[in-house]
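I'd like to ask you about the structure that follows.
Per-chain residue numbering starts at 1, and chain names A, B and C are given in the order in which the chains are listed.
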Amino acid sequence: MYPEVAVASLSDHIKDQSVVAEPMPAHIQPMLATLSELPGEHRPYAYEYKWDGIRALYFLEAGQWRVETRNLNDVTVAYPELADLAAGLEHSSAILDGEIVAMNEHGHPSFGRLSHRLGLTEAHAAARAVDTPVTYMIFDVLYLDGYSLMPLEYRERRGMLEELGLSGESWKTPPSFTGDGGPVLDAARENHLEGVVAKKLDSPYRQGLRTKEWLKIKIVRRQEFVIGGWTPLRTGAPVVGALLIGYYEPGKGRDGRRLIYAGSVGTGFSEHDRETLARLLESRQRDTNPFAERVPKASVMFAEPELVGEVEYRGWTGQGHLRQPSFKGLRDDKEPTDVVREDIVKK
Amino acid sequence: MARAIWSGSISFGLVNIPVKLYSAVKDHSVHFHMLHEKDGVRVRQQLVCPLDDEEIDRDEVVKGYEISPDQYVTVTGDELESLTPKASRTIEILDFVGLPEIDPVYYQHPYYLVPDEQAGRPYSLLVAAMEKANRVGISKFVMRDKEYLAALRPVGGVIVLETMHFADEVVQASELEGEMPELKEPTEKELKMAGQLIDMLAGSFDPEQYHDDYREAVMDLVNTKAEGKEYVMPPPVKEEGKVIDIMVALEKSLARAREQKEEAKPSKKPAKKTKAHARAG
Amino acid sequence: MKDTIDIEVEGQRLQLSHLDKVLWPATGFTKAQMIDYYTRIAPVMLPHLTGHPVTLKRYPDGVDAGYFYEKECPAYHPDWVNTATMPSRNVRQRVNFCVVDNAPTLVWLANLASVELHTLLSTGEDLDTPTWIAFDLDPGPPAGVLDSAWAASRVREVLADAGLESFAKVSGSKGVHVYVPVNGPATFEKTKGLAHAIARQMEQQYPKRVTSMMRKDLRGGKVFVDWSQNDPHKTTVAAYSMRAREKPFVSAPVTWDELDEAVRHKHAEELSFETWEVLKRVEDQGDLFAPVLKLKQKLPE
């Protein structure tokens, strides 16, 4: 798994003066990644899985620990389960960088699930820690025992992070891979993760900067959905503004299934497509809502759920709606009743 | 086979119809006995007097009505017995009212009234008359030391006796006023949507379609154990378990993806003579 | 009720859907019939499609109900559907076209209600080299197909003077296409320049009947000699493709004699071909457009 290069320890770095003693920074602005395509196989990057949660920095000093988010908010009280991490760190001071995630009932990281833990006071956090547990995925070590590790190359910091061996009930150190990022991205896609992050092996930690040394490669998902309605682009005009889409799930409804609303998609069509779609949907007009639940939109025109469209998207919200959907065309080769939510079914 | 719970007679005016009472419902809940785990013996319950600290007998027990905290008026079984209007085993019909007038909140328990052999004619006459007039008989009767209010209604040629709550047993909805949040008038649109929702689930009442899933699961467990099979309890999935699961799954996916990449290497693929698709598709 | 069927074409499995859907309401021509036509014409049509990136015009509800113009090959295509990528500096602008080089692909597209198939003039292997020059003769009303046919013959004459042989097909609507096979080194700059020059020459020679100007308001009863299609990004409707007209017409190859005869006798209907007529023609006469694929011609300076 890791390096072809022998990793130096902190004392080695102290000796060769690649790290300098300094007081622990009170706050750290996390290093940010740029959206990108996957780098070519031979580019000098390491690949890590991208976890959909909240970015969090863990500070330990003189036996006291705290957690801060990207906006430098102190959220320590909201995550009491991270207290034991301090004990696990056999160092007097440390700063860790990572992501706090919560898993949904399908075993995938879900930001929606995590949202129940945001903004909690101490009183509620303890109770919530039981019903919505979180895990801190640690991916960087920035400070250790009085020395800042930020000037070190990523590969060095990574080696030291792995030496720490941080793994507990509520925290883990997920792996990092060199070589071809393609299989890593494939694995991420298969397991419904957001994507991967590519980190340049020789990059120091650049506080608060979004550089090309860290790249985020997001996985685009795609599946068919049934079109059950639309909203016009302009009032009264027979031009589609957005399509209301959904998928079938077994349940109380006609033929033992119901059409679940998955959100609306308003991009991916040309002006011409918007007109053509409006015509196709108008000829399938119906007064009643074909979806199993109320659709939270104004001026909706419902349609018989006969048309199926292919939609690209980047994930699901906690409410079961698509994130950043984009229309990719009609699929008249697919039967509407065969359309189901794929990331759950294909397990 | 069904067993009559009680017998008496329906009376109204000069009419007297001897009947037997059968329960119209049967309990389907799964009943468990309490056993001592160690030796599988049925446990028995003891009545213990905490003051004397010893077990006492049932006939050393009297009923006490708490008129104020820790202050009781005792009543013996005999005294209660004397209150029961014995002679009257009659279901006395007091009024005939329209069925829809009775709010279902009053209903308790349904029974079937089956006429004695010689009472067939007056029974069916009563059924026919109630059906024609489209009315049900409100009556009172006493069964096992308790007085009941009941509705007698004709259902498919049989009289169903439905015991009812007395008025003072029913909590009026107005008493919930303090508990209810402010209810706003729905908008036309909301009403329309709600109506659509109702339409979507509208159907005729088919009791067969509703199942007691919990009971079925319990019986499933019992039967599986009876067959000697191990019942596998699904382990409660802890969060750490989920995290470990996904990390293992990722490892497997990665191994597979790398393997596939290796396989694709050596021979040059003929068909696609064009650029490869972008991977993130 | 599902009207789907699983079939096998040249060893590839496909599922066809909505077979009974009427795509040409005027005659009741169904999707099943369209798929049938494309399946039967495949041996003759495929050579004209092979290698050329194709754009689709899909009419899911029939020719009267609106269409989708699709350049990007649907992402859900089976893996035996080949594609060609048009490079672009902007990653987002790169287009993956479908390429129809096998019968199952043609059937698959027909199942998607791609009534019309339009191809680039170059191939996926060499997007910068046009394989033929195309003239699209499009009549401005009240001019009709006979006027297009007449203009086509004149274009042929001009081309012959330049030492170039040409071949014609009806557009399936009111126009006529004239193709000049090149099949050798050439650039779009050259072919477009040549076509433009010829169009202008035609305009000079027959000002009352021909125009080389795109603007529709300048056409008024004249035939527009469209030279602009000789462009790496433009497409022309493929030979043997169906058209989304009122009837299931086809862009069918014709002989010069047929064009001249029709003009002489003023028989416009002789230049309209529905699917079964095309199948019969191919049986009797073979692929009239075959030379467009084989003939190598050198372009004059």
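Heads up, the rule we're going with is that a residue touches a chain if its C-beta (ideal position, glycine included) is under 8 Å from a C-beta of that chain, and two chains touch if they have at least 3 such contacts.
Not measured: the values here are computed from a predicted model.
S.K.: Hey, which chain ends up farthest from chain C, C-alpha centres compared?
M.R.: B
S.K.: Most C-beta contact pairs, which chains?
M.R.: A-B
S.K.: Using Cα averages as centroids, what's the distance between chain B and chain C in whole Å?
M.R.: Inter-chain centre distance comes to 72 Å.
S.K.: Can you check how far apart chain A and chain C are, centre to centre, with Cα atoms defining each centre and the answer in Å?
M.R.: The separation of the two C-alpha centroids amounts to 47 Å.
S.K.: What whole-Å value do you get for the distance between chain A and chain B if each is reduced to the mean of its CA atoms?
M.R.: Inter-chain centre distance comes to 45 Å.
S.K.: Can you pull out the residues of chain C that are in contact with at least two other chains?
M.R.: 75, 91
S.K.: Residue numbers in chain B touching 2 or more other chains?
M.R.: 278, 281
S.K.: Check each residue of chain A and list the ones that touch at least two other chains.
M.R.: Those would be 37, 222.
S.K.: In the complex formed with chain C, which residues of chain A make contact?
M.R.: Within the complex, chain A touches chain C at residues 37, 222, 224, 270, 272-273, 275-277, 279-280, 283, 307, 310, 312, 328-335.
S.K.: Taking the touch rule as given, give the residues of chain B at its contact with chain A in the complex, in rising order.
M.R.: 193, 196-197, 199-201, 238-240, 242-243, 245-247, 249-251, 253-254, 256-258, 260-261, 278-281
S.K.: Using the touch definition up top, name the residues of chain A that touch chain B in the complex.
M.R.: Chain A residues touching chain B: 37-38, 49, 102-103, 107-109, 133-135, 169-170, 172, 174, 177, 180, 182-188, 190-191, 193, 217-220, 222, 252-253, 288-289, 292-294.
S.K.: Please output the residues of chain C touching chain A within their complex, sorted ascending.
M.R.: Within the complex, chain C touches chain A at residues 2, 4, 15-18, 58, 60-61, 65-70, 72, 74-76, 91, 111-113.
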